[in-house]
Amino acid sequence: MQAVIQATLDFLKAYWAPLLCGLVIVAVLPLIAGYIVLVERKLMADMQARLGPMRVGPHGLLQPIADAVKLLIKEDIIPEDADKLVFWLAPVLSVGAALLSLAGLAIGPAFQVAKGINIGILFVVGVSAMGIYGIVLGGWASNSHYSLMGALRSSAQLVSYETAAGMALVSGLLFAGTLNVTSIVEAQRDQGIWFGLLAPVAFFTYLVASIAETNRAPFDLPEAESELVAGYMTEYSGFRWALYFLGEYTNMIVVASVATTLFLGGWLRPFPNTHWLNFLDFFPALMMFLIGVYCVMRAPKQPAKVQTLFMLAVAGLCFVLAFILVAPLLIPIAKPSLAAAVKPFADGILGSFWFLLKVSVYLYFFMWLRFTIPRYRFDQLMRLGWHFLIPLSIINVLVMGIAMIVGSYLHLAGGWLLLVTIPASVLALIVALYILSLEQKSAATEQARAASDSYAG
Amino acid sequence: MADEPKEQQTPPKPAGEKPAASPSPQVTLPAKTEGATPPAPKPPAPAKAPVSMQTPLNNELVTRLRAKFGAGILEAIEDRKQAIVLVESGRLAEIALYLRDEEKFDLLSDLTAVDWPKREKRFDIVLNLYSFPKNERLRIKTHAAEGEQVPSSFGVWPTANWLEREVFDMFGIVFSGHPDLKRILLPDGWQGYPLRKDYDIIQQDTAWVRENLGIESGQ
Amino acid sequence: MAKSTIAETGEKPHTLLGADELILNMGPQHPSTHGVLRVKLKLDGERVIGSECMIGYLHRGVEKIAENRSYQQFAPYVDRMDYVAAVSNGLGYCEAVEKLLVVEAPPRAKVIRTILTELQRIASHLLWLGTHALDIGALTPVFYCFREREEILKIFEKYCGARLTTHAFRIGGLQYEAYDTLEKDVERFCKAFESRITQYEDLLTQNRIWLGRTKGVGILKPAEAIALGATGPVLRGSGVKWDIRKAMPYAAYDQYKFEIPTGTTGDTYDRYLVRMEEMRQSRLICLQAIENIPAGPIMAKVGKVLKPPPGEVYHSIEAPKGELGYYVVSDGTVQPYRVRIRPPSFVNLESFDSMVRGHLVADVVAIIGTLDIVLGEVDR
């Protein structure tokens, strides 16, 4: 007994920091996901000439909390013919995998649960792909046709697009030479350029594939509400449904974080090595400050007093954040002796800001696409994946490898690498488009034949 | 509320229009012996002097039809400038095929029925046809008694599939040669045919309602 | 509806790996069956190899009700059939009974009827566009469409107090005189609508995904369309240039210039283009009509009690969905002896099976959308 307690204590002693981080993530993430949903709804409303949620809290700001409460107190329905155990397990699996994969990500130089994990990206990609089991099992266990079809679509989609995404990641990793997420970001700092610029085709491929992987429009076929009602989630309700939802949004955060880490320079500010751009370090604080000012200006115009107060509170929060963001920058100027002590803190907090900003932009792009374009059909989705994205990403890996060799032969580094990688990317794109055109031609003849057959019959 | 099905008593004289000179009580004309044909080479302008609203029709189409089918064409009348041809029910499919192929009535706009319970053959089957080349409508009617089978028009106009199913559903008229004659709007197990005149407006298949909906009444 | 017979395809079911077919019940509760349509799909994987529509969930016995109401009493009921195009339904019924009575609405009434009916056509097509796009996964157009539809409904509201089931017309003409700013409202709407419809087209017409989802989907060839009795935009999308407004003009349509758009291949994309163009043409008709609304009475001389002379009449109009026909039989009493309504949605839905064969599940919703059915009218 004593030994067990001792072992536990040792364990806690050694791992208290990651455990705490993990707990924070698990506790805070549902809230973040809820607010991402709110932002999504607000954006959607803005693009669709309407207001979006307005009832709960000022401008619907408390809507996520109301939604969460509603979901938690809803009746929990399990279909009679469902496989109860699997039905219960599936959403847990889905959300568990998504949350676990967050552990490998570094949000800022200081904030990483699995600190220094050397297979970083591989771990994140591998574990997040496990979430598909939750979807497939949930779809199967529901014992409903719609769920089953959603699950099948989902797994087919994941298999097809995970390949393209993986290949795209390989192209990016060629430049980093490591799987460790911290090292990847540092490599970008050393090179002085984001890998997304060096390997634009890989970034594009990953962008498309990540949308498909997270089942977002226009690739949201597994849950296409106009076809499959809600796909694999059709039979789920209440808390279980919320878990799936949480898993989906966590997955979005994960893919956005991976893309940010590998292609968008992680927690680095834009052009981290250009010293005359150092004023950009003040941008986060300035942005928070301006948002605060805006809230103060809007506050008197609110219809109800409570809303005015709320706006002022938000403004106050923004000012506090602005102060926190600007303090580490001002302290070294005021007291140079403290510079060394403050530096990690400054890097951490500013890094987190930039990281989250990039993730948000990536997610915004996801949402923007969703409101703008219709949904692919399943065969078209597969064709896009297998006939275009996979060839493109494989060719891209090849030409990028060659470009790297040529670049090292010519002693190119940093931005000068663009001289070889841009032509290589164009070449990859041209070859992939050529392959696509060949495929389309054969598909067209096939279709014409099938059509004439069906008319004959 | 007039819930009881209306019987076709001799109607009062038409109100707004010129009174009918002869008491022509029935809307659908009794099957007069056909052949009283000669005059009116052109379709007359009936709005001018309608004795009743219905006048005999004798245009080229009718002449052709009579020449082709003889006694199959029971009567041809015009009602408010709309041509109506009454045909023998047994030869409906044959006449329909001729109308589609030779006379180019290629669209079956509508197929329905009317119930005249006092009449010996109580049902009218009414087909509203349209011809794209001629831009002309034609109404084909036939009489059917209770239980009598009417040849299906499905082979001529595939539209008739659902339209005949609806007539079967609402009137209980059986179309022979229909590929899949079953109820379409009402549930399969429903008893009774609602659009018959002897089916009261608040009537329902109480047994079905009780069994399938678990309530005493759908009212 | 216990039995489930699905008409055989004629060809051998080509199942992969010797697997069985999957029977999928789509509806009556499903997000994109536009009401309570239930479709039984026989699937091989995701490919449809047979289908059967099961309708009747919204059957209210409108035709039976007609036999127990007076002619005027029945008029509001027809609004409840195609409830997104109530004005058109009313026009058809009123004109049919007018024909039966051998009266004609005065010119002023006819023109106002035409304006409102064309506005209703735009509103109905807007609803179709929004929901059709939503079915195919474009989330945004539906809200733009509702924004414009709202303007039309406001005009209806100003005219007769109701927005949806308007009962705007009466047998013999109109109940209400046009309100003062009707012309101005219609004109303002039409002027604004021009750019709005371009906005929808910007979102969809050249969009590659939209093209991929609609081109070659649900092809209905002209001969097939006629044989299956399809009318309206479904028929015109197949390339048959037939519009009752031109072929057998009613109301005041003979006074206005407009084009009948037609498609070429008869696929979903063509029907989309046809309906988009029809909205433009309706807009032109409205603009022409408000130029010159004749003065005069709005009601013909019909008595308080309508007793049409015995006889029967079939009258059809070009409703937004297709040929809407009324076959009214009078026995000389105050109540119609029989009113048969020829519903365009019902007959157009018959084409569904032949259109959907061989397509994927995702296309099923596209085809339901392109048929533009309203279940209130299918089931009556």
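Labels A, B and C are assigned to the chains in the order they are written; within every chain, residues are numbered from 1.
Everything below uses one rule, namely that a residue touches a chain if its C-beta (ideal position, glycine included) is under 8 Å from a C-beta of that chain, and two chains touch if they have at least 3 such contacts.
Note that the coordinates shown come from a computational prediction; the quantities given were computed from them, not determined experimentally.
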**OP:** Would you identify the shape of the chain contact graph, picking one of line, ring, star, complete or other?
**Re:** line
Original post:
When all chain pairs are ranked by how many C-beta pairs they have in contact, which pair ranks first?
Top reply: B-C
Original post:
For subunit C, which other chain has the most distant CA centre?
Top reply: A
Subject >> Chain nearest the overall C-alpha centroid of the shown protein atoms >> reply: C
Original post:
How big is the gap, in whole Å, between where the Cα atoms of subunit A centre and where those of subunit B centre?
Top reply: 66
**OP:** Could you please state the distance in Å, as a whole number, between where the Cα atoms of subunit B are centred and where those of subunit C are centred?
**Re:** 25
**OP:** Please work out the Cα centroid separation of subunit A and subunit C, and write it as a whole number of Å.
**Re:** 44
Original post:
Across the complex, what residues on subunit A touch subunit C?
Top reply: 44, 47-50, 145-146, 149, 217-218, 220-221, 224-229, 370-380, 447, 451, 454, 457
Subject >> subunit A-touching residues of subunit C, taken from the complex the two chains share >> reply: 10-11, 22, 24-25, 30-32, 46, 133-140, 143-144, 147, 203-204, 207, 209-210, 212-213, 216, 357-358, 360-365
Subject >> Of subunit B, residues touching subunit C in the complex >> reply: 1-3, 5-6, 8, 11-17, 20, 24-27, 47, 50, 52-54, 79-80, 82, 84, 106-110, 112, 114-115, 126, 128, 132, 135, 137, 139, 157-159, 161-163, 166, 170, 179-180, 182-189, 194-195, 199, 201
**OP:** Give every residue of subunit C touching subunit B within the complex, in rising order.
**Re:** 1-3, 5, 7, 55-56, 59, 61, 63-65, 67-68, 99-103, 226-229, 231, 240, 242, 247-248, 302-303, 305-314, 316, 323, 325, 327, 329-333, 335, 337-338, 340, 342, 346-347, 349-350, 379-380
